[in-house]
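The following blocks contain the structures, represented as structure tokens.
Next come two complexes built around chain A: one with chain B, the other with chain C.
Right after this comes the complex of A and B.
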């Protein structure tokens, strides 16, 4: 890292925290959730949702890539290296996004709703960043996410009276802001996700 | 000698990889072109961040600039400067003529479900506003799917962003 870090690194970009500290957890969440969402491709309960989850996955992975790019500039590395060349324990994603929820549709929609709400809050915070590149990217992400929010709220309204959905919300809500130990199913995801980079040297995104 | 005008002309011949009737200049993703000492610097903003056409566009721009005998320097700018409002009037007409309904103007506060479900969207085939939202998401991140009740034709609506 080029800039000297303060003794107690701030966790907020608003107060000059490093891009890696602030953006990596978000980028990792987006990458892993994008991966999980893509697991519905071809098997969602309706064709419309097959398309929706595939498209949302594509957006989330795109957001991850752009966020890694900004971190990579600071660390003198590349988005690919950050996305695929770290050890599992170096990822900063939340266990909440690591959960493999296929084929449970109620839980998938519950996570979608909870995630989009939490993600909206942190993206709005990034809009106020004193790092113009971060604020600029956050503004772009925010506009794309508007469509995810419409989609998740539409599903929330549709399922809110369904007991199975309410139970899923209750079960998952405590996990939203949780960080720390990865779930065992993350290891398997990591194996799949990094296989190309581990077997083909220099493969790019 | 390569001029900025020549570069703009060359870039205007590059089709959007996913919607070929429209060029990348019509699409408004080329933000700036500057030429200095045989190097052409292009500022390029992606439409949607997850758009897989991004690399294709970047490589095609670089190739066209090399064809002009200059060295390309294509910078991908990841900020908020691209919006569907940047699609040119010609681009909007080309979209419509190829069966893609052009995006509605951007509004403060962003898109709302009630607005997407309204009858404000015209069918690109028959011009009727008797159309309904089938899916917010479509075959690419930039498009939604709608259905026209007048001519009974599904069509793709460019998302406003």
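Right after this comes the complex of A and C.
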């Protein structure tokens, strides 16, 4: 008998096997954060940032869609069904992305910075996946995320000496890797997000 | 800071003014210019220039009305009409 292999760190994304286990929490994070960030559309601090931040939000939803598609192939369902037809308790996003931060721009940017850092580590792990489709998608996502990271770092440099921003970072940092119970404000987001889909069952666009 | 953005639609074409962005520094300006004038594949290149760097000239003095410097200084319409008439007259002879 050979020696048992040393255990992989339990937080490794490559553990767990199925695409649903590995990718759904990430896809849900991207969808919900994209939704939250899009709440700034039209009311961001200035016009250029409004366009830029909305564009990032759109990208995040695009990443969610691509990830859902990979999971959907495995489960025999569709990306839309995964995104909109689950019950609130079936979503696996982190409470960190569920926080409704409008109209607090300092907190929003603090979350953006913390999220991009954490997301970078996660995508780098996916790049090593044995599943070529997952690794391939991770590479595509990473190329787009590189621009998000430039954006978040520019804002970090700009706000790092501002007390309000430092406090926001301190407050939010412990939440980054938290999983589990949804926040109460998630229910309302889910209602809004799935409303059209629920009101016209089976509709396609 | 205001930055003026010029964009090139296809390689080899002249850059044309696309618009301007407001940004706290050059880095942000580049990011915003990309987002507003490049993300839909409408440009192959951008120039992002601080507005102060643009040297504007808007006074064109022509005290003596030297209209021969301008294309409209040579009204060709009449001359062309006469030439056509001559040519036609020759052809019908």
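Heads up, the rule we're going with is that the second predicted complex is superposed on the first by the 186 of 205 C-alpha atoms of A that agree within 3 Å, B and C clash if a C-alpha of one lies under 4 Å from a C-alpha of the other, contacts with A are read in each partner's own complex, and residues count from 1 in each chain.
In the analysis below, a residue touches a chain if its C-beta (ideal position, glycine included) is under 8 Å from a C-beta of that chain, and two chains touch if they have at least 3 such contacts.
Predicted model only: the values in this text are computed from it and were never measured.
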| item | value |
| --- | --- |
| Chain A as common anchor, with chain B and chain C clashing or fitting | clash |
| Which of chain B and chain C A:201 touches, first, second, both or neither | neither |
| Which superposed partner A:55 touches (first chain B, second chain C, both, neither) | both |
| Chain B or chain C, by number of chain A residues touched | B |
| Partner chain in contact with A:163 - chain B first, chain C second, else both or neither | neither |
| Touching partner for A:151 - first (chain B), second (chain C), both, neither | both |
| First (chain B), second (chain C), both or neither touched by A:133 | first |
| Shared chain A contacts, counted only where both chain B and chain C touch the same residue | 48, 51-52, 55, 147, 150-151, 154 |
| Footprint of chain C on chain A - complex, ascending | 46-49, 51-52, 55, 147, 150-151, 154, 158 |
| Residues on chain C engaged by chain A in the complex (per definition of touch) | 21-24, 27-28, 31-32, 34-36, 39 |
| For the chain A and chain B complex, residues of the former touching the latter | 48, 51-52, 54-56, 58-63, 65-66, 69-70, 133, 136-137, 139-141, 143-144, 146-147, 150-151, 153-154 |
| Contact set on chain B toward chain A in their complex | 48-52, 78-83, 110-113, 116, 134-141, 145, 159, 161 |
